[in-house]
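My questions all concern the structure below.
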Amino acid sequence: MRQPAAAQATSAAAEPAPLLEVEDLRKSFRRGGGSLLGRRGTAVRAVDGVSFTIRAGETLGIVGESGSGKSTTGRLLLRLLEPDSGRLRFDGQDLLIESRSAFRHRRRDLQMIFQDPYASLDPTKTIGASVTEPLRIFEKTTRRESENRGSELLSLVGLRPDHLGRYPSEMSGGQRQRVAIARALSLAPRLLVADEAVSALDVSTQSDVLNLMRRLQRELDLTYLFISHNLSVVRHMSDRIAVMYLGRIVEIGPADQVYLQPRHPYTRALLSAIPVPDPLIQRTRPRIVLTGDVPDPAHPPQGCNFVTRCPHAVPVCHEVDPVLEPDGGGYAVACHLSEGQETPDRTPRSSAAAPTQTGP
Amino acid sequence: MVTIVGRRIIAIVPVLLIVSFLTFSLTYLVPGDAASVAAGDNASAEQIELVRRQLGLDRPFLVQYASWLWHVAQGGLGTSLLSSRSVLTSLVEALPVTLSLTLLAMLFAVVVGLLLGILAGLRPGSALDRIATTVASLGISMPSFWLALILVNVVALQFGLAPVAGYISIAEGGLTGWFQHLLLPAVALGTITAAEVTRQTRAGVVDVGGQDYIRTAVAKGMPTRVVVVKHTLKNAAIPVVTVLGLQFGALVGGAIVIERIFGLPGLGTLAIDSVLNQDFPVVQGLVLMITLFVLLVSFLVDTSYLYFNPKVRQS
Amino acid sequence: MVVDAPVPAASPTRSPMRVFARRVLRSKVNLACLVFLGLVVVCAVFAPVIAPFDPNLQHLDSRYLPPFRWPYVFGTDDLGRDVLSRALLASRVSVIAPLISVGVALALGVSFGLAAGFVGGRVDSVLGRLADAVNSIPALVLALAVIAVLGPGLVNAMLAVGLASAPRLFRVVRGATLAVREETYIEASTVVGCSRLRTVAVHVLPNIRSPLLVQTSLLMSFALLAEASLSFLGLGIQPPDPSWGAMLRTAFEQQFLGPWLVVVPGLLIMCMVLSFNLLGDGIRDAIGRERGTW
Amino acid sequence: MSSEALLRIRDLRVEFASDDGWQRVVDGAHLDVQPGGARALVGESGSGKTVTALAAMGLLPRRHSRIPTGRIELAGQNLLDLSDRQLRPLRGTELAMIFQEPMTSLNPAYTVGEQIAETVRVHTGASRKDAWRRAVEVLGEVGIPAAARRALEYPHTFSGGMRQRVMIAMAISCRPKLLIADEPTTALDVTVQASILALLRELQETTSMAVLLVTHDLGVVADFCDDVTVMYAGQPVEEADTVELFGSPRHPYTSGLLQAMPQAAHTGLDLSSIPGVVPRADRMPPGCRFHPRCSHAQEGLCDIAEPDLVPVDGAHTSRCLRIQRGEIDELSRTVDDRVGAARADLDGRTL
């Protein structure tokens, strides 16, 4: 479990090379199913040219609503789905040239935690069997060894060794999610993809699991890709945030910048839509209510994907698809208006970046 | 909508092809030799060889299949090895008997099953529900030919309320004569299906009753009648119709035994005779014809989904 | 305010299978069915010991005896054979025949069903069409066709019935596999490095065992009915060996002289079929409640 | 006075049948909804909030549930005294309800227009034509574009947000005085949630309809509601005006919930959490039901005595003995209150 940490320590000394590089990743699904007669459904572009990098030890958050392609992106990274095109480089090595079966050894480095802790554990297996299954597959551990390692893993995530013999149905949602984390950590992975890892939990339990994940990241030098629809949670966990809409990243950058000075109108709408749990603030803040629903991804609009719901849309938005433009400082936004006049993104940074100075 | 129906019809074709292929291949699994059976018991080797060539049995397998299929498609099912009659003629003669029997049984099953099932499903756990469920459990476990024997014994032999056996077509005996002769067989045959329909209807009604949209209907103040008749039954019908489609095959199978008991000259009687005598052209013809009817019924069932389920209609 | 229920101590670990078994056994109906089926198996094993007479021995001086004439408890048939002894021996057929059919159906249905459900795509559509085709031939008709080729006999008949009921099992297994495949724990098993084969064997199969059990029980009843029908038609078991279906054939042929002969074998068939059916329902209910727990 | 309340629930108990006998899932629910007001019923899963709402509509499954005691008064009339036949005309006209799952709450076999028109016909006796016209009209009111055309379509062609709008249209078609909304936005995306809440707010203003909003999301409460009732383990534990409750929570559970929410800028810090889980209905701890998870619990007091819901500060009520005795002064609401203020300041400028 400690071995990869050492490897990372050396690379962290120099300017860290990205642990994971994703380049122009694409995936479409066919909808309306083909039949023997060869009919083809319409193509739905679930992930439509996504690029980003994750540095070792950092957390990249991906936020988006349903249909944004955030979960598909996570699955593509682990090759639970095969990408149509694009490049995936992990620690400098191309992941996509490997055959699917050869990719199996990558599972040691790349692990995942799923949304629903009620569904991600096999109900017919004991907690111990679930947690140590990776060890038995990759290290052919003996039963006794597995048991010891299982206890270690459980205590690592704050559970007791006597939970080993329990079944998932006997545990609470929070406990199950801890088990899922323990299983993901059993092979000492370097990158952990957390797909809506706390969405199914109650608020009081959710914070527990988030705290655990942060502690483990510090202790084990983990790198996270943290996927969620909940911007507050993503913000809490992430160093950088990517905002996805209809299969694309529309804005990506340091968490503070995306959260406090969003430039894309969608990000702003998203931020505005999250109610702040304080009536005095919530009721006085101006809000942007978007009209309409997310368009059908099988028939995305002409021009900018967001044009149908964008309150600021100008003629060019209906014509030209904006590209994600990096500003050189690790920040990028895909909007024609991002440098324009009508969006007040030039608020003085000083006051925004120092919120704690304005006391009551 | 037309395209959906069209697509369903087209989907039948590969299934029919597979069935025809299976049926045709059957004869090749025979330990004996079709040619020697056809030539008769005392035929010499030359005679058998002659028959073989006449029947085209010396050609490659696929060629034989293709030519057989070509004939079948034109209605040429060959001639019976035993009676030398046209297979098609025998089948067409026997078909009305079996169809009358199965359709009457189906009617009986639908009427009884729907009634019991709806009554039981609307009040799960009530006395009526428990009675209906018990009756259905018994009905589903009762061998139809045993029920037939009992009916013959009691209704026909003891009380003389119905003819013991035989068949009279509508042309011969009018509607009453036809109905009298088919009543007992149809009840015996339809009981299992009636029980199955009861269970399925009950389950469907109970299941739909627990759906969110029924709660919505109650929440917006709909009277019970509207909730039941309008919101529940149409949705509960889908699994029931499915069961009816599946049950048709079972009815045809059951008819074989029932026909034997009541001496009805239908497909079943024909089937048993030809099986015992290894009369393959007839067996093949039977399998094909029965399968065709089963597929036809399941096509009708599929089509009825279009009425019950708008999702299917618009996809 | 007082809490009515006392706070129980933390319950000991219960495996889902044990919980499930307890649920099934909690119902008196299920228990009764299991007891009856157990009894039939005991009779089948010890038939020669229990039977008061040689089942094939003809007492030509005491033919057509109605029930309850000592020493022939259930009476005698047209050849003066003891009905009780024949019924006891016939229970062997009632145990073995469904096992043959269901064995065949399980072997075909489970393997193809798992393959179709888990692999999907072309494999699924080809197997699906094949199942559709076999399924559109009524089971008894298919059995007749196979018997036409292989000749009458119990084993042939039951192989045919097994073949004919395989599509039903195939559909159930395929459907259950499709449902389980969508579960996150299957995806999770891939993530932790399970090969496809391991995933199917370790994670899919145990999770479809409940619907499989239900179908197996229901198929047993179907196979028993089919055996009875075929033997009744003279295409299954061959005389003089008894099966309950074959005994009904005798009853049918002698319905004027010995109308009571129809009672015993028919009741036995019905009870056994009923047991399998009720057991299947009982298991299904137990699963239902298993899902509903919180 | 509370006698003016449109909906008054007093000491409501609800029990569900289980393998081990009757289990009390709601134990003394208590709340008021003022005419035209918006009351939130907040709690985590298992708190009994949805059951309380269903009881108010008379929608509890009859065979598996019972109400041993309690009153549910609508404009002074106890709904629990009414037969189903008497209750029916009130549903849809006096009180209406929308549900969490818009995907399954509409009948798949009928067009949405038909389902709304049916409601109008049954309650007003309107002709088919008039009822249809009204259906199209309310569909327009709830912001469904091309309402006349969409009324002819089946539910499966609508997205989740649009279906919830249809549900709202159906609920308001006969102008009810009270709308019970059970987690109406939980299954929806945040941007869609925002637009649904905006719609509800607008309808409330134009029709002066009262709303009982059942939710687990304190953000939604802050956004939408005038008053809040917090439920825990089948009991209301705190009740207050929204601003008051968020400003100075008077029950450790409420303050725990508030603190557990990830907040704007304290990214570097651990979130506070409430240890343990909600107890099951058949394993309620003695004393205060929250004491095993409470950081303020006092041995010898909270694990023995059962607190009542009593006023602690004007109309602000709390079910906490230590608060009632004045032993705890301030419960913090967030890690750093200034963060929120800063955020408001910021929002004012950027958005």
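By written order: A, B, C and D. Residues from 1 in each chain.
Simple rule for what comes next: a contact is a pair of C-beta atoms (placed from the backbone, for glycine too) under 8 Å apart; a residue touches a chain by one contact, two chains touch by 3 or more.
Everything quoted here is computed from the prediction, not taken from an experiment.
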Neighbouring chains common to chain A and chain B, by label: C, D
Count of contact steps on the shortest path from chain A to chain D: 1
Interface ranked first by C-beta contact pairs: A-D
Chain separated most widely from chain A, comparing mean CA positions: B
Whole-Å separation of chain centres (CA-atom averages), chain A against chain C: 50
Cα-centroid distance, chain C relative to chain D, in whole angstrom: 51
Distance from chain C to chain B - Cα centre to Cα centre, in angstrom: 22
In chain C, residues with contacts to at least two other chains: 129
Residue numbers of chain B (touch at least two other chains): 14
Numbers and ranges of chain A residues touching at least 2 other chains: 36
Of chain A, residues touching chain D in the complex: 65-66, 172, 174, 202-208, 210-211, 214, 229-233, 235-236, 255, 259-262, 268-294, 309, 344-345, 347, 351-352, 355-360
In the complex, chain D residues that touch chain A: 44-45, 145, 159-162, 189-195, 197-198, 216-223, 242-243, 246-247, 256-258, 260-265, 267, 270-275, 277-278, 334, 336-351
Contact footprint of chain C on chain B as seen in their complex: 14-15, 18-19, 22-23, 26-27, 29-31, 137-138, 140-143, 145-146, 149-150, 152-153, 157, 249-250, 252-254, 256-257, 260-261, 271-272, 274-276, 278-280, 283, 286-287, 290-291, 294-295, 298
For the chain B and chain D complex, residues of the former touching the latter: 124-125, 211-213, 215-224, 226, 230-231, 234-235, 308-311, 314
Of chain A, residues touching chain C in the complex: 35-36, 75, 78, 80, 101, 104-105, 107-108, 111-112, 114-116, 119-126, 133-134, 137-138, 165-167, 169-170, 180, 183-184, 186-187
